[in-house]
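Below is one structure, written out as structure tokens; the observations come after it.
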Amino acid sequence: MALIEAKGVHVRFGDRVVLEEVDMSVLEKECHGIMGPNGAGKTTFFNVLTGRAKPTRGELFLDGENVAGLPPHRIARKGVARSFQIMTLFDEYTARDNVMVALPQFRDRGFDMRRAAAGDSHFKSEAEKVLADVGLADKADIRAKELPYGDRRALEIAVALAQKPRVLCLDEPTSGLGTDGVQRLLGLAQKLKGKLTMIVIEHDMSFLFSLADRISVLHWGQVVARGTPLQLQENPWVKRSNLGKFS
Amino acid sequence: MIDILPHILNGLTLGLLFALIALGFMLIVGLMEQINLAHGSLFALGAYVGLQLLGPKPPLPADWTATWIALPLGWRYALTLVIAPAIVGIAGAAVELCMRRTYGKDPLYGLLLTFGAAMVIEEAIRLTWGTRDYVLQVPQTISGGFIFQDLIWSTYRFYAAGISALIIGLVWLVIEKTPFGAIVKAGAHDSEIVRALGINLSRLRLAVFIFGTMLAAVAGIIVAPIWGIRPHMGVDAVVPAFLVIVLGGVGSFWGAVSAGILVGLAVGLSGAYASEWSLLSMYILLVAVVTFRARGLFGKKSVLEA
Amino acid sequence: MNGASPNSPDAARLITPTMLIVWLLLATIPLWISRIGLYPYLGIEILIWSIYALSFNLVLGTAGLPSFGHGAFFGIGAYAFGLCQFNVSSNLWICLVVTTLAAAFAGALAALFISHRRGIYYAFMTIAFGQIFWTIAIKSHSITGGEDGLLKIARLPADFGFVSFDLKSNVSFYYFVLAVFVVIVIALWRLTHSPYGRVLSAIRQSETRAAHLGYKVWFYKASVFAISTGLSGLAGGLFAMAQLAAFPDVMSLHQSGYIVMMTLVGGGLVSFWGPVVGVFTFLIARDVIGAMTSAWMLWFGLLFIVIVLFKPEGIAGAFRSIVDSAKAKARHAQGMSALRLLFRS
Amino acid sequence: MTEPLIVLDKLKKVYTRGHFSRVPTFTLEADLTIDEPAIVGVVGPNGAGKTTLFEMMTGSNEPTGGKVIVAGTDIHRVKYRERDRLAIHYHQSYQVRRFRKVVPSFMLASSPSKKPMVHLFDEPQFNPQDGYIGFMLDFFRKLRAEGRLVFVCLHPTASYHLEILSEIAERFLLVSNGGVTPHATFKSLIGDERAKTYLGPEMIRVAGTLA
């Protein structure tokens, strides 16, 4: 059975279709790509999936339980972590503190007012472990807003990973990255693949083709195509664009 | 049932005044996404400048004074409605020029700056005019009262409500039907577009701010004969103005107008039965509405929420 | 981050060197304050308002919640202290606990309505609640004395069982308030650097992110509001003791604005001690400028505008940025050497 | 399916200027019927009225005269929020347009259908670099296979636009000077004099090789 199952998820805003009866299923430990042009509704789908937006109608099952319309913190506690297209970090915190606050153990102690957070070396080492995973080990003490762009992207992912999620949702992780940055990210994503369920929104086709197990193409708020990268690459127009055969 | 009619009428006239007071505030909040806490002080300043213009020592060049005093009161009053806001507009311009440094930062800074400006204006008023109460003279035709169905009605209240409605209508026309209004609206939604159109955004903001300030001043002159003139009147005005804006929904013109009338009715009606507590009714109204409707009655999403 | 940088060694301490210095300085105030032309009562005022401002900054600086009606809770504390003393008990400790709980309860009530709101709507709702409590205080003549206030509040003795201190003189009362101040400073320092404080600060930086990390944001916002209003109420109770009365004036919108002003002028957004610096500046400016001109608010208003325009982080912030830029220079030098290492390898 | 999918019955839109003496500035007229599911290519110069036509077909722009009947229902008599269950307009602009509500919603009928029967794609971005074109075309075919009517409005500026048009569309509409002319084949479309002047000689030459 699929871990995530969207059934007829529908979001409208005025006369604009944002999501039109979207069905989608994501298997456990699968890496599922969502691609499509700008304004296609990809981020809205993520917002519905993570509780940031309520669908007008439709159901969204996470491990058999309908989570559509639950608030973000409830969904997060069920093990869904996300990154944001427009990076949303705790800018004044250091990289380590950003990750530390994301740890579930820290969250469980969120109402502890008596002990100093800094005094707990356990949190510190946990956070540093996650930072090392994304290659930020030596930047733990730098404040998020002072990190270079590529590192901020990596930190976004670290924050999501720190939640020990079952489902990791990445919203356009390559946006704004140079070729080197994309390669580094691809390496990181491939390391994670198979360890947890991943849903990756991406505009960059070649990135997804080399990463995802299955891809859904979203346009006009609807799934216009889906399949494995191999199947999708069979499309004559895709072939032509890959070969650069356009006059 | 008949007994309640005067209270409804009273509430309606009061509501139009609230809407008028909120109007300039609404323009600045809705179109510029800036909260002008000095609105109340500028409102009070309008009343004081009006008072000075209609008094024995008008703030005019010496050789004009004689001509001015010689004019009939009705004329002077009508001209005051234009001149006083123009003078207060200068103060508004000064506030906006200071405020420029806060654009693009947390809206909190704009709010704090105008809080400071409010303090300064209020203190300046205290220094210039002292702390005593004044009464604003109005022409005979609109003062006094009349008797209708055994009740005495104040002529001025009806005049004030009428002129409020008129000004609200005019402002609506300016926003909806003139190129200025169109640009101003575009400026609120997307300043990039305005820049791309080659419009000087900072001049536009200045213009909107001055316009809002002048509306505050007009409201001050119109409301002064009813509430009286004292340094504290600014706070008395700015709080209902906030309320009206939040209740109506930030950025919604008719939201503000209908919320003004709603607040007026709430105060008017509760005043009839529990006059001690009438001011409380508007806060309770606000809490009740905002609890259930996050953005007020007709509000749209705004950067001020983030 | 509110307070010293979270990774400074001070963050984990219960009592920091700065605290000791501040307390020592404050402890000497009664010895010299009269000599510089001021008076001991000013010291009491400064301490009480400092407690109030520190508690307020928990909401504004740490959690980033724009509360513009906090005066109401200070006032509720003042009334609660008086009413408890008249009707419940003449034990100082019971009265102070009741005071704190009453204000926290009122705060929690307001928080239930406002905690789901953000930004401007949050601010306006706090104003509305402030005005509601203020109106109630003014209009309930039979309970609060209306505009005349609640008079004849006594400074109850601080009874420790084995020893009891009489607080009637300003100097002894000063030391009592200082003791409360010491406790509050320790508690708030701990709280801001605890996991709870970290979460609040995270919420300030990005409510969205915090929610997606699984934090029940509204509950944090509500709880910190209740804690802050409770402590503000405690300050209000002390103020009632200081004034020997409770007046509705402290609950007005103006007074609520002043606490925001003090906190910001001092630099509450960036520093733990900012609110205290702000209270000092404000109250001393009031007395010093006030002695020279009757328009002290005009000058202070202008000063405030200048600070917002040019140093929005406030006085403590300005100090901090000087220290930070010195540190940044040092870090820059380090970074360069790291770069060199990289190229060599 | 007995009812035609769309009927534009003497549809007319007149834009005027001035409040008192109304001067017509632009008039659009259309009269046609499409019975079967199909993919219809729509071309025409900017300002010829394509968007107005689409808006009237989806019920967001009230016509001056005539009717739009979608699958047997007059779309302008359906509740505002249910009109998208009949015909849906996918446009490029990110602006959300609200319906101009003339009649309150409760006085209008419900939509008989749950899913839209007519899909209008207003100048979809066919960007050759990202390769989405193939998926988009497949999607049009899928909708058509499900028995729906698909309109694709294009403003050909590159030769592959013409390629797309000739590959995907089965019938055509030329919107020009306020008139709507149906064409059964790509050949007849590019044979139309108005299409020739609109596309220009170079594009017509390319089109000739495709037809």
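Chains: A, B, C and D, in written order; residue numbering restarts at 1 for each.
Note that a contact is a pair of C-beta atoms (placed from the backbone, for glycine too) under 8 Å apart; a residue touches a chain by one contact, two chains touch by 3 or more.
Just so you know, these numbers come straight off a predicted model, no measurement behind them.
Peer 1: Considering only chains that satisfy the touch condition with subunit B, which of them also satisfy it with subunit C?
Peer 2: The shared contacts of subunit B and subunit C amount to nothing, since no chain touches both.
Peer 1: How many angstrom lie between the centres of subunit A and subunit B, each centre taken as the mean Cα position?
Peer 2: Averaging C-alpha atoms per chain gives centres 48 Å apart.
Peer 1: Based only on mean CA positions, could you tell me how far subunit A sits from subunit C in angstrom?
Peer 2: The separation of the two C-alpha centroids amounts to 40 Å.
Peer 1: What is the distance in Å between the mean C-alpha positions of subunit C and subunit D?
Peer 2: 63
Peer 1: Drawing the touching chains as a network, do you get a line, a ring, a star, a complete graph or other?
Peer 2: If you draw each chain as a dot and join those that touch, you get an open line.
Peer 1: Which chains touch, pair by pair?
Peer 2: Inter-chain contacts occur between A-C, A-D, B-C.
Peer 1: So in the complex, which bits of subunit A are touching subunit C?
Peer 2: Against subunit C, the touching part of subunit A is residues 50-52, 71-73, 76-77, 81-82, 84, 88-94, 97, 100-102, 104, 106-107, 109-119, 141, 159, 163.
Peer 1: In the complex of these two chains, what residues of subunit D are touching subunit A?
Peer 2: Interface residues on the subunit D side: 58, 60, 84, 88-90, 94, 96-99, 115, 121, 124-125, 127-139, 142, 158-160.
Peer 1: Provide the residue numbers of subunit A that touch subunit D in the complex, in ascending order.
Peer 2: The touching residues are 12-17, 20-21, 36-37, 39, 203, 205, 217, 219-220, 222, 224-225, 232, 235-238, 240-242, 246-247.
Peer 1: Quick one: in the complex, what on subunit C touches subunit B?
Peer 2: Within the complex, subunit C contacts subunit B at residues 66, 113, 116-121, 123-125, 127-129, 131-132, 135-136, 139, 253-254, 257, 260-261, 264, 294-295, 297-298, 300-302, 304-305, 308-310, 312.
Peer 1: Okay, in this complex, where on subunit B does subunit C touch?
Peer 2: Residues in contact with subunit C: 35, 98, 101-102, 105, 107-109, 111-113, 115-120, 122-124, 126-127, 235, 239, 242-243, 246, 250, 276-277, 279-280, 283-284, 286-287, 290-291, 294-296, 302, 304-306.
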